[in-house]
Structures are given as C-alpha cells and as structure tokens.
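Down below are the structures I want you to see.
Shared between the two complexes below is subunit A, which pairs with subunit B and subunit C, respectively.
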Partner chain A sequence: MSSRGGKQKKGNVTSEQEEEEQPLQAVLVADSFNRRFFPISKDQPRALLPLGNVAMIDYTLEFLTSTGVQETFVFCCWMSNKIKDHLLKSKWCRPTSPNVVHIITSDLYRSLGDVLRDVDAKNLVRNDFILVYGDVVSNIDVSQALQEHRHRRKVDKNISVMTMVFKESSPGHKSRCEEDDVIVAMDSKSKRFSMGTDEFEIRHDLLDCHISICSPQVAELFTDNFDYQTRNDFVRGILVNEEILGNQIHLYVTQDGYGARVSNLQMYDSVSSDMVRRWVYPLTPEANFTDQQGQGCTHSRHNVYRGAEVSLGHGSQMEENVLIGRDTSIGANCHISNSVIGNNCTIGDNVVLDRAHMWNNVHISSNVEIHQSVVCDGAVVKEAVHLNKQCVLAYNVVIGPNLSLPDGTVVSMHHPEEEEEDDDDEFLSDDQEVGHSKDKTRQKAFNPAEVGPEGKGYIWKASMNDTEDEELAQCLWGLVLNPDPESDSESEASEESQDRTFQLEVLGTLQRGLEENIVCDNLVLEINSLKYAYNITLKEVMQILTRVVLEYPFQQQGTQLTTLQYTGSLLPLLKTWSPVFKNYIKRAQDHLDCLSAVEELFLEQDTHQTAMVKVLMKMYQLEILEEEAILKWFSTGATNDKSRQLRKNQGKQRMSLQRKESEEDESSEEGE
Partner chain B sequence: MELQAVLMAAGGGSRMMDLTYNTRKPLLPVGNKPLIWYPLNLLERVGFEEVIVITTKEVQKMISTDPKMKLDVKMKLDIVCIQEDADMGTADALRHIQQKIKTDILVVSCDLITDAALHEVVDLFRAHNATLSMLMSKAHEFTETVPGQKGKKKTGEQRDFVGVDGTGKRLLFMANEADLDKGLVIRKSIMRKLPRMHIKTGLVDAHLYCLKKSVVDFLADNKSVSSIRGELVPYLVRKQFSKSMTSPNVNDEADQKLKKKDGNANLEIQILSRDEVLLQLTRERSCWNDHRGDMSEAYHGVRLRCYVHIMDEGMCYRVNTLAAYIEANRLAPKLFDEPAVHPSAAISVRCLIGADSIIGASCQISDKASIKRSMIGASTTVREKVKVTNSIIMHGVTIEEGCNIQGSVICSNTVIGRGADIKYCLVGSAQRIEPEGEHTTLSECDWT
Partner chain C sequence: MPGADKEADLTERIEAFLADLKRGGCGTGPIRGSGETARETTALLRKVTAQARWSSAGDLMEIIRKEGRRMTAAQPSETTVGNMVLRVLKIIREEYARSRGSSEETDQQESLHKLQHFVHLKANVIEAINELLTELDGTTDNIAMQALEHIHSNEVIMTVGRSRTVEAFLKDAARKRKFHVIVAECAPFCQGHEMATNLSKASIETTVIADAAIFAVMSRVNKVIIGTQTVLANGGLRAVNGTHTVALAARHHSTPLIVCAPMFKLSPQFPNEEDTFHKFVSPHEVLPFTEGEILSKVNVHCPVFDYVPPELITLFISNIGGNAPSYIYRLMSELYHPEDHDL
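Coming up: the complex of A and B.
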C-alpha cells in the first residue's frame, strides 16, 4: 500500500492501481441450501458444527483472512441468529480484526443464486471477490490465483468472469467427495474450461475446493439469469453460451495446499482426520487461531492433542491422532485412536473409541465401543452400548444401556415425521420456539427396542421417503458411487439383448392379437415395424416368430404341460396365426429355416418331442410348409446318422405323416 | 534379430488418382527417387539389413527392370507380391506373410517421408513391453497451390481425436470425428486409472507401427480384421482397458482352455502379450511404477499396452494426396545432401538453375532456360527459353522452346508444344500439349 502522499505526487494514478488498492472482498455463504446434515442441522446450522472443536465457519474466515481478504459478507439464512451470535462473539468482530465481517441475514435465500442476486441488488462488491461456502476448510494461498485472474481480466477486458480453484488429488483419494466427482476438460495452456480447441486435457484428478474468484459480473449474470440456482448452473450456462456472450471460466490448479468442502459426513470424517493429522497446517488444533479463551491445547507425539484440565484414567491409551477438548475426563483402561473429543465430556472406563467424533458435553458410560460415528452435543451413551460404523447421535439423545446400534443408524430427538409437517415454513420460520412448543405437545413415546430402555430419541431411517431425491437428502454419509463396470464387449451384449427384446415384443403383439382379435394382416404390420425398430433380419424374424409361437403354450400355462395338453393348445393357435407364417415363409430357404427353428426348439424341450410330428403335420396341412421342404430338411438334417436314415429311406415315397414319425425318432435321438 | 521390418507398398494411391493412373504410388518420383526409396532408406539408416516388401507384381517388375526406378539400397529386399485385384487390406497382407514372421515387427507404409528418430518409437516399445507403439506427428499445413484446384480447398477429412496420458506417450483413446455422433465418450474406469488425458487433434498418423508377434498370430486367427489403421489399432487401443486384459491372476492355462471352447473368445486371449515370468517378478520386486496417485501395481495390471510417439518437430509426410506430393517434392532435397544436378545431365552453361532445383540423370537443358524450385526427372529435355518455376516434371518429358510452366505437375513422357503457357496444371502422362496454348488451373489428364 503506497501512502497517500505518494499517490498525489504521481498525479496520474491509473484506475488499475486504484483497483488493487481497494480492499479484497469475499462473499461467504453460511448456508448449504440442502438438508444433507439433517437431523443434526435441525439444531445447529452446518457452518457452526464443530470440526476439531472449532466451528467450521471459523476455518473459512481464517482462510479468507489469511489470503488477504479485508471485507467479508456473511450471508445466513437457516438459523441466522445462531450464526450471528457466534460471529459477534468471535475474534472477527473485534475492532482489531483485519477482516471486517458484515453479516447479512434473510430468510428468503433459497439458493446461492438468491444470495448473489442480493449481492448485485445491494451493490456490495466493487471488484473481484472470493466466493466460498461456510463449510470450506482450506489453507490454499489463492493470491497466485487472484493475480492470474486479474492479469487475465486486464489483458482481455472482462472476458474471464470466474477462476475456480482446484486441487490436484488422484481419484479415490479420501478427501475427494464421491458425490462431487468432477471431470474437467480444460485447455492446458490457457487454463480455461474448454472443449473446442485442437488440443485439450481431460482431468479426473482434480478436487473442487469450492473456492471461486469471481468478477463483479458474476453477480450481475446471476441477476440476468434468474433461473441460475447453484454455481453449477452458472458454470454450465457460461460454457454453453460461451460463443454468444464471450464469457470464459478459468481454473487455478494447485498442487499443494489443502482445500475441501464438508458436504456430507463422509467428508466431515476425512477433513477432521486430515485436520488432526496436520494436513491443513497452519490451521492446526493447537494453534487456537480463533483466539478463544481456554481453547488452547498441547500437541505431543503421534498427533495427540490435549486441552486444558484433561484427566486421563489409569491404563487408558491415546494411540494416535486424538484431540481432546478442555475439561474432559476419561476413565481407566480406555482405548482411543483417531478420534476427536469435545469440551466437558466424560468418558467412563473400558471405552473403545475409533474414528469417533464427539462434540461437547457428551457423556459416555463404561464399556462402550464407538466406531466411525458422530456423537453430537449433550448426547448420553449409557453402559455397554456398541455403536457400529456411520452412526449418528444427534443433540441430547440418550442411548442404552446394553444396546448395539447397527451400521448407519441415525438417532435424533426430533421425530422424523415432524420434519415433513414443518416442511413449508421451515425456511421461512425463523422462530424455532414455535416448532419446539409444537413438538412438545405431541411428543411420541420413544421405542425402547430402538434406543434402549433408558433411551431418548427417534430413529431416522435413510430410506424413509420413497423418492430418490429425498433419499439423497437423507443420506448423511454420502453416497458411494460404483464406477461403471468395465464391460468387455458392450456391443455384442446389446445386440443379444436386442434379439431378446424383439422376441418379447413379438410375444406381446401375438398375445394382444389373440386377446383383442386383431386381424393377422395387422399383426404382420406390427411385426414388420418391430423388425425395423430393432434392426432384425428377415431370417431372424421368422425364427423368432416360430419360437414364440411354439413356446406360447408354455408361456401361458407353465412348463408343466403334458404333451397332449401342449399340442391341444398349440394346434388351434397355429391355425389362427397361419396367415402370419405364410407372410414370412415364402422361399424354399425360408421353409428350411423355419424347420430348423422348430427342430431347435424341440431339441430343447426334449420331453415334448412327440408333439413335433403333430406340429409339422399341422403346418403341412395349413400349407405353411411344403412337402418338398420337409423332405429335404429331413434328408439333410439326418446326415449325422446315415444308417438310420437309410433304413427310413425305404418309406421315402410314403405319406409325409409317416416320414415325420421317423423324423421324430431321429430328433429324439439327437436330443439324447 | 529383434524386429523384422515390413514395408507395405501395395496401395494404389486412391486419393491421388490423377498421379497414380500411370505410375503406381510406390514409384512416384519424389526428388527424382521413387517414393518407396524413402521408407527403405529410413530403415536402412537405422540399421535394418532385411526388409519384407509387400507389393504388387507390377511394381516388382518395374523395380527390377526399369533403371529409373532402381532402388539404391543395400538391404536385402524380400519382395512378396500380392494380387492387386484381391482388395487386400494391410492386415490381410500381414496375415499373408505370417509364415515369414518370426519376431516382433515394424510395419512401415511406402508413402512415409520422415526424418523421425525411429528409435523413439522402438524404445517405447521396448521400455514398456508394449503390444503396439506407433508414430504420429503434428499435421502440416500445405502452403503450395495445388494444380487443378481453384482456391484453397479445406481438407474435407474428419479430425481424429487421440487421447494420450499425462506423459504424452501412452495411447488411451482414439476416435474419428465421424464416429462421435454423441460427443466424446470416455469410460470413467479409464479416467480413474489415468486421471489426466490429453486429447489431441490435428495429428497425422505416420502409419509406422511396432507390433508384437502375438498380434500377427492374432490376425491369423481373426480373419475379419482387414486393415491395420482402420480396425486393428483401434481394437488394440480399446482392448487395453477391457476386463479380460486386466483381470488379475489370470489362470493362464485354464483360462486359455476355457476360452478355446468359446468360439470367438479364444481369439482375444492370443493377443494377450504375456509378460515373461522374470519381467513380472522384476516389476513386483522393484519400486518402479508407471504412475503416481494410487497404490495399484504398475500399469494397473494392464497387459496390453499401446504407446505413441508424437513428433514435435522435424518432418513427417504421408504422400497420399496431391498436395502432400507437391509438398514432399519441395522438401525432399533438403533431406539429403546429394548433388542437385545429376552428373550425367547435359546442361548448357547459359541457363539458370536455382539451387533449390533437382535435375535428374541424362537431362538436356538448353540455353537461356530458367529452372527454379522445381524437379526435373530423368531423360527430360528442356529447350531454349523455357521457364520452369515451382513445378514437378517427371521422366522423359520434352518441353519445347519458350514454354512457361509454373506451379504444375507434368507426368512422364509428355510433350509440351512450343510457347505453351501452363500455370497450376496437372498434365497426365504421354500427353501432347498444343503449342502456344495457354492453360491455367486445370487437370489435363486425358486418360483415354
């Protein structure tokens, strides 16, 4: 910062210089606009949830301040009072704070889009600003990105509207959110989102830190496009309209530094453990960057942190990566690893904690075992309770004694149904007291089988609502998406299934034809159109048709038919559908193909081989098949067994019926 | 012998029929040498002693009889003829010579003119024990005006999309624009393994491939593949990430037997280049890995690997169009420091020959002729006051007095009448151009 005097001396101060001297601004959105953390976030907004015993919003503010932000607008909606109280008490609102925090609350925000439209309406930003969510934990130095962004904006006026910060991390890394799996196409040279140029790069090794450097136009663009709700809408809109509007989005890829958004509990778990393992240095638990009285703790080997006045019973072990808040007492013979324990907690004897996240004022009795679970403020876990993976005990829940909660159990003091009733006014009603009094009046009994004899709380089921969207919202721990199966020959598989679907369609058509008495001509028409739809050759049509018709009795009456029943039901069908057959069986080759289809089917259905004679006879009588064709097929088909054929050749000039009898012998023998 | 070289010289040159109507593509003169000489020379330079040349009877006859077509190479040429009308693709040709192939092979096309360092391609092949390694280059813009073409015609060919990994060596993806009706589709499973993929367009495939012997055996079993570039290479590239190739601990013997029963499937297993036991062991015991970022074994257990060397600089032309042919002629002299004027040419003292021109054997160039940036073929007669600029004159052409030829291609044995003015024309072989005629931008190819 040059002094004022220097400025005046120079006289012609360029506007850019002036611009740079303007304080860097940031927009912090302290609301996620989704319900991923329900029911936890029913009592506390997500931004205030403790991570490493510090509210998440403090990490975000610390990150912004350390990158040189001097003015931050915090937008709150859900439980804005709590956030406001928290911030007013924090160091950010002290007069010495280098970062001036303005809190803007409104219950009308329903998306990021609303927030940015409000930014535009109130004309808050004058220059490039940083846009983050209140649940971003990061130590990335974005000044480099900021510089690049400004440079780009200087070079070609106002073309680049946004620079998104990405961090390199290979697929499968645990700090990558499975739901937020991005694949980015970028121009490696200009670091621009693009697909159009001659050479571009497709990257799957980037992690979206949800930190973006925005030009003031971003807010305007949100106002112009009132349908933009999220940043994804915005990015998509810009990319689609790139050629028309000429706006571009750039990326900044950092290799070191840490940046992640706590978007579900899975991420909460990973970010919390990264924090304890000091990946977010200098934001470490013992740094006490929030400058709160009594928050300090000591750091010792194996990343064990202890707050003030922590008492540890005899024989208790803190293996590694453990953070214990102040005034917490731990009983004897406990075994604690990879866990975070809040302030004022009491833990009994013989407790095993692994990847447990315990917030403040939690009481754990003896002989409890907790694995990879979250226990919120004021929860009480009674004796001999076993929490399996991915359990959540929300505020003030009591569990136990002598209970084992299965994987993924979520227990809350709020009844799941109450949430739906509140649904409409949930965003609007600021006044939580109304809700509280309401659910007190119609308190339902707790189910002791679910939460234990002395338990208090309701089980939330993940799949409570049937719509998929809601299910996602309920899923606290986030989804695990399976990668696409590496199919070997997709094309072949699909071809096969095409034949199969065609067969089903033909069956459906014939069935309908029978039920609704459709004329055979129309059936032919339908089958023909199916043929084109599925791209099936004429030969296949005929074979499939034959197969469908011959299998029809099985389809209708089950496979347990006797031969007699079978022929009894099939022969009338053949008569009804003979015009359909005649339409497809015209040339000599068609006859042979049809016969081979018949033969194939009866080889499969070897119990019904005696019926074949009758079928062939009927087809002959209905003039579907010609005599010569049958004879020819008979002579060629039997080549595998010459002696038998010779014997039967004597009767070659006899009636076709007898021929077919011997025929059938032959095929039954083939079947063996 | 580590590699056997195979030269594909049976192509007809269907994309420049004007030129190849009378002269087969391998024999087209480029810098007064038949085109086929360039790949042969390339192979000879890197030390090959024997080459299998696949060509047609006609070309073989010409090479052995016509002195103009004499190939000036010391390598042993094993010429295999295939029938011209059999419509054989390059893969068919490989299948044809399967008996001769004992080791891994290097396949070169006869229309390749390059100064690429071949060892780069072969080193990739060796270093990664690859199934396929190939050569690509940045596409060149052709600057010269093409005879018979008005204005600059944009090459109507569709772009090829080539995907390589972060190092730019591993070939992951290949598709032609024509096939991409639904946009670029890339399997996520590939992206998970190799999260950075560079997609490049504007590359020319030099049609130079190193292939494992097992690929030739695969071709022998799989008769439906007929072209290397069109079918085999995309198939191999795709196969890299298909399941059967990556499945761990393949119970080789049992698996093979199992697949043998299965009619089609046994073809695939054959191509699986099984790493030798020692190599496998080395890889397991060493800390070397081809990728970073995850903990899986080198190459993610992929046994079939394709690599590509993309030339950044240097020249690499495929002479398969008229424009490429002209460009190649312009640049060919720069490749070799041979005397531009053949010693047997009779050149008048009072004529002007630019340094960037080539004069073939036993040419006659008369007084006051001026030749700039052109190639004059063997036994060509250039009379007085003829001006030739930017042109290609093939063998046995007679150019009468006072002609002016600019930016044209004159095929062999043509006679150009006195005072003719030819600009940007393509003149077919054994033609007679009327005296005093004026021709601009036409193809004078009277084939009848």
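Coming up: the complex of A and C.
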C-alpha cells in the first residue's frame, strides 16, 4: 500500500529514515482495571459501552487511525470474547484497513503494569508507541507531539521517556474529571515535569487526556520495577529517581482539539453531550465513521440527529442536542432535550427526557420523566415512573408503574450480595456460565417497594468495601464530597480516641514504674516513645501526664476519696515523679499549660477543689512550678464562673503562699 | 492472482479516499481543495472503469452509481465528488450513443451490438475520462487568462476569504495592471490572512479588513470578485460564511459581484435540502474550549457555508467563459443528463 512505501528508499538509508519508515504502533488497553462502572460493566465490558450509539473503543481506534497509527495492539482482560467479536466485525479488521489491529487477551492482567510487562516480554513494540485506554474519546492531532518527542529523543540521546498529552481547560470545566484533577509543575522552556529549574510554571488548567507517547524504554522500566501498577506509579517513580536514572517526562499541551477519558458516569455524561454538540468533530454521529450499515443519521438544526425510520408522535418536540437511533418510535406530546436514545426503542406519550442516556431496545411507557440518568439495553420503564438525577437502570431491569426513584439509585438484575461472594474471582469468573449458575441458585424476590409492583431488579448501594470514615463518598457518578456533620465529629472522635489510648498507655507506664521501681529517666524514655507512636505534641504530652498523675489516686483507690485521703496519696506521688515533670516543664509557656491542665481537672472534680492549693504548694516546693507562673495564672482572667470561684477560694491561700515565700526569702537572707 | 490483487488495491484506495472525505481533511495532512478532490474522484472512477467487471454500458453505469452513492454519503457537503460522478455517467452515455450510431438512444436494453462494441466502449470511456482530467488540470489557468478583460488599472477590488481560483485570477492580472485589493478576513477560520499574504508576495497592494467593516468599505470598491464552494442549479452559491454579507453590501452599492468558479463546481442540487446543505464543524473556533463553565449554558454553532441567492450575482467566470446566472440551467443540461440528477 502506498502508505507503507518504505521499500522505495534504498542506498543511503540512515537510521533516521529507518525510524520514520517503521509503522507507528499503539498499545490500547481495553480494560480499566477498576470497577467504576459496576454493575453495568458486569454484563458488558466498559470498552463496548455505547457513547452516542457507538462503542467507545471505536472512538479510540478512529483517533489512532487518523493520527496515522498503522499497528495497534489491543489488550483485553474482562470479557475479552465480546471485545474480540466486536472488533472482528468492525471496519478495523477488514483487510483494507490502514490500521492493523492485533487482539491480545489474557486473564492474568490486573493492572496497566501487567499489560506493559507483557508488551516487553513479547517484544511487541520496536519504536515509540502511543499508549491509550479503550475509553478515550479524542480528535487531537498527535503528530506534532510525536515529532517533538522523536526530536527530543534524538537530540538528548534517549533521556526523555514519555510525553503526556494534556489539554488546556479551565478548572471547574464540566469535562474535567474531579478525580483526575492535577496540578502540574513544569519547566516552561523544555516542557518537562520539574521543579528544580529557574523558570517553572505551576498549572492547574490542564486536563489529562490519558494519551501518552512512550518510548520503548517504558515497557522495560515496568518490567524492572514490578511494583508499578498504574501510570501514576510510573510517573512518580521516574520523577523521584530523576537524578539517579536521568529519565525525564515531558508534556505536550494542546489548545485545539478535544480529548477526554470516560472514567466514570459523570464523565460519560459530559463527553456524550460534548460529542452531540460537535466538539469532537469529525467524530460526529451523522458521519458514521464506523461504516456500519444503517448507522447513518441526519443532522438538523439545534444538533438534532435522527436515525433512519424514526417516527415522532404528534406534538412531540426534540428541543436541542438530541440523538435518536434508528427504528425508534416516540409517542405524542413528548419533550426530549440533551438526550441520546439508542436503536429500536419505544417511547410512550407524554414522556419528558432531559439529559437521559438510553441504549438499545429500551421500552418506556407513558407519563414517564427521566432526568440525567442512564438506562441500559433492554430495560423497561412502566407508566408514571419518575427517575431523578443520576439514576442508573442496568440491563433488562423493569421498573414498575407509579414509582419515583430517588437521586442516585442504581438498579440491576444482579443481586449486590452475589457481588461480594464473587469478590475473589471477580476477574477470573470471566465465563458467563459461572455467573449464570449463581443466578439460578439464588433467585431472590424483588422488593416492590424499591422497584415498583411489576418491577424486577435489585438496588445497589455505592461501594461498600471502602474505609469507614471517608468524606469523599465513592458513588457511581464519581467522587462526591459529603459535607456531613457526622463525619466531622468522626474525625474528631478519632483524634480523641488516640489521646485516650495514649493516656491509658501513660497510666500503664507510671503504674509499672511504681511497682517495679523504675528510674525516672527510663519512664521519660518510655513516655517519649509513646509520644512518637501516637503522634502527640509535646504540650499535650505534658497536659496528659499532669492529668494522669492527678487522677492516679482515683484510679488506684476509687473515686470515693475524701480530700484528705486524696492529698495524702497524691503528694508522695508528686515527689516520686517530679523528675518526670521537670523534664517536660521547662519553658514559661509549659508552666502555664500545666496549670491550665490542673485547673481543668479540678474544675471537673468539684469536691476536691480545696486540694488544689495543696497540690500547687507541693508542686512549687518540688520546684516543678515557678512562683511567677502561678501568680501569672492567678491574675489572668478566669474563663468561666467555676474557675473564678476556684480562684477566689485560692485567693486566701494565695496570700498565705506569698507570705510563706517572703518568709523563706527572709530566712534565706538571714541565713547568709 | 494479479486480478484479485488489483481489486483489493482498488477497494483499499476507495476506502482510503472515503475515510479522508469523512474526516473532512481534519486528520494529518493539509486541507484539500475542491480541485484536488475532483481530480482524485475522477482518477478513482477511471480506475473503477478499467478494473471492475462489466459487460454492458448499463452495468458500468450501475457500478459507477453505486460507488458514487457511497462517496457522496461520506461527505454530503463536498459536491464536487457527486459532480464528477455525474460527468462520468454523461461521458458513458455519450460514448455509448456514438458507438451505437448518430441518434440518441432512449432505452438501454441489452442487445448483441453492445457486446461487439464493448471493447471499444471501454477504451473510449477511459479516453474521455482522460480528457476530463486534462480539462480539470487546466481550469485555473483558463479562468486566470480572462483576468485582463475584467480588471482595469487603479481599480479597488474586494474579495472574501481564500480561493485559489481568485488568487490565480488576481495574480495574472497583476502582471500587466496595477490595482488594489481589499481582503475580508472571514472569521472564524480567518483564511483571508493567508490570501493577503500570498497576494502581497506577488506585489499586489493588499489590505485586510474585519468582516464587520465590509459595508463601511464597500462604497470605495469598484468590483467584488469571490470564489465559491458550489454553484447551485438555480444560479445561487454555497460559499464560505460571510459571503452573503458581501453580496448584500455590493447590491446596496450597486457594485458588480463576479464569481470565479470552474465548471466542475456546478451542481444539480437546489438550495432547499436543509439537512445536507450545511456543514457544522467543532464550535472550538467560535468559543474556545478553555472558556470553561460558560460552555454548559450556551449553545455554540460553527457553520462553514452560506447561501447567496442568484439575484445578487452579476457574472460567473468559468473555464468556458463568462455567463449570467440565468444561463446556468443551460450549462447544466450540457454537462449532466437529467436522468442522473438523483444518484
């Protein structure tokens, strides 16, 4: 074929020409290795889910072919048979296709890292290759980036390992996936990731297209570091080891062109609406770029696309940005806007569809309202059903009449419990037979309260196996920030529980110290190590220590102590542990903190407030606390009534204290 | 087998051509002009005639029609493809009629005569297609040769956007005459900039103006010379967007509007086919994607073409000479057979 006219150049064949003549290769990973589209992707792999009535992998392959890729390796893991069938029937596997597609399947892939290690092991790529996922929708012309990449590698002798393609797009744009939000530090001149050079910019206006131009070293690096699982691991590894290995990663930022990855349902919604509004020209619905028979549609005003044999009832309006597949019939007085409807659907009368995504063979009865939801193949929605935002009806689900589904409901024919049992075999149970046999054994009854009187299906909760207190709830539509008051207190509680544990540990230490007569230095050592283990600040250590010591008599002898007994047991303890205190109370601020801890304790222990003076006295005598600190504390305003009372009580004793001090001074002076 | 190889080769070339049409020239490589498209289509059709298996003129016409339908479906707004298919069909009819005798044949039923003339028919058709190709090669030169009759010294000429035909026309006149050209930049693609650069390289005094200034400047203009993408059957134009503005401004000031269009752009379509008339590309040119939040609240369209009614046009200059818009119907009947108008 004329495109492979490499044989013409003989004679002075330099290595440059050889590189250019070699066909451009691409690695397409048709499995996302995560379960963001469960339960939809339980029946159909993500790469085959329809976007604008065309499977997503077709968009990726078209993007690669129009860039000039001549050899593509498609790696599949989950439901690889379906992907293989689809590709063999498509135009990519015709003999006249300029892009030769090789399909490689294996059940053992668990991550992008595994795929690239396989690429290296099988020695599939000879030269720079393009790495994409199977759900990337783009019309970016990558040839410029490719040229820059090749030039850099030639000039710098293979230092640049990867070029990542980014698109400029302001933050908060609805086509920016919130999970993928990235802040990039790059060197403005050479366009590589770095922070160490003179002129670098920090950019938050970049959208990651998940398209990378990789050198053959990338596959080798993945084999060397077998713990790299995702692309992020790889990037981090390269950047961290930049000085040692000298590899660099560069960026290509494009303003023209559109590129996005459908990583969750939120992105599915925005990429689908962008496609209908022709941002991905020339991959538009009426272009029928997959060359399938009967797939063509006509493009009318306001981005309304109608397939062949579509019938529209009387009074129905297709307002704007609507794509309707062939053989679909729509009833009377319907109002459709910003929606995509598949082939062979039947829609009843008085239906309102807004931002709805319906796949093939869906049957919708009259008086239904659907807002921002996904309805998969074969689903049936009966009369007077109201689907609120972000609902998902998976394959073959039936939703009964007169029902209103709340926001974010996911209904599937697969029972969610079945899912948990399958956990271990989630990727290995690729065979449909395994799944079906389990279906037969547990046919649980459908709950009419959830899916309506004639409904069929089970409601799925969002991923339950994740950690308990997550503020970012992982729901099917992407990460949702939960400004939950409960979760705030939870995080506080977790801090408190740590303090509590530390307190108990300190108590244990002191007890052991008493029983085993451990030297105070060792006690200090122990408390210090506990401080590091529980990540407690020095101030808190000291306060907790004070608290523990002061509560110690209560711990040992119960809370029914008289003040006298209390002071009787406490004061010797203070003497024993005074070196420990002195170790932690060194600066003026520490004194005040200790005093506030003492105050706090005695505020709680109302009955023993008179003991406070004695405690303070003892502490002063033991030189744990300085008199200036005590006086300062006394003179600072009390924060509430109780502490004011406390101070009043101490007031008289204060005077006596001062007198005692002056006596001591005098006596010491007289002594001299 | 060489036969099978050739067929596979032919199919591959057709597929590649279709894919290129569908992408609208948006992939790698420069945007294709209509002349290029016309030449490629004709070359492909010649190959089909040479390599496909057919035994009578009717068969051949059916094959050409089938391929033609596929090619027009790939990019409906690119009418030169369809035009070339119709020209080839007309050629086949003519050659068949000539080989049958002097009179026009009314029916196409198979008969023994056809088999005898088959070999000659094939050779004649291929030769006629070669003539068509030569004609296509020479269209721009033929049009440019007429420049001196229409452009006089010290005239101010206005044009819109970029047309290779008009560029050649003006460059030819500039060899002997001195005149001034005003180019409307033609947003959002702004191809007028490239046109102005090329004209100034040929030492023509050029000014670039924004589209909004067209009416203001029109009073100073002597003639308006524009190119077009298609000439429709009623004499109207499907031209780059912004042309209708220029035409209306010219009519208001009674400035003559001259359209330079080669014959292969003449199409039997009328302007009432809503769905296929317009071509909308990515709204990126109008409102860039980086704008962010506003995009979800606003509908943005970016049409490529404009319709200009025939009343606003003064003269068509084509490779066979100058004609009034009301004469277009005659030219059409000479180029295409009425039965072929619907592929």
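The definition used in the following text is that the second predicted complex is superposed on the first by the 458 of 672 C-alpha atoms of A that agree within 3 Å, B and C clash if a C-alpha of one lies under 4 Å from a C-alpha of the other, contacts with A are read in each partner's own complex, and residues count from 1 in each chain.
Just so it is clear, contacts are C-beta pairs under 8 Å (C-beta built on N, C-alpha and C of every residue); 3 or more make two chains touch, one makes a residue touch a chain.
Just so it is clear, the structure is predicted and the values come from calculations on it, not from any experiment.
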- Chosen between subunit B and subunit C, the partner touching more subunit A residues is C
- Looking at the overlay, does A:S170 come into contact with subunit B only (first), subunit C only (second), both, or neither? both
- Just subunit B (first), just subunit C (second), both, or neither: which does A:Y258 touch? second
- Return first, second, both or neither, reflecting whether A:E201 touches subunit B, subunit C, both chains, or no partner chain. first
- Item | Where subunit A meets both subunit C and subunit B, residue numbers | 169-173, 205
- Message: Residue numbers of subunit C touching subunit A in their complex, please.
- Response: 8-9, 11-12, 15-16, 19, 22-24, 26-28, 73, 274-276, 280-284, 288-293, 295-296, 299-300, 302
- Message: Using the touch definition from the top, list the residues of subunit A that touch subunit B in their complex.
- Response: 169-173, 183, 185, 188, 195, 198-205, 483-484, 486-489
- Touching subunit C in the complex: which residues of subunit A? 1, 65-68, 94-98, 139, 141, 143, 167-174, 205, 255-258, 277-282, 287-289, 296, 298-303, 320-321
- Note on the structure: subunit B contacts subunit A in the complex at 163, 184, 186-189, 191-192, 195-202, 241-244, 246, 292-294
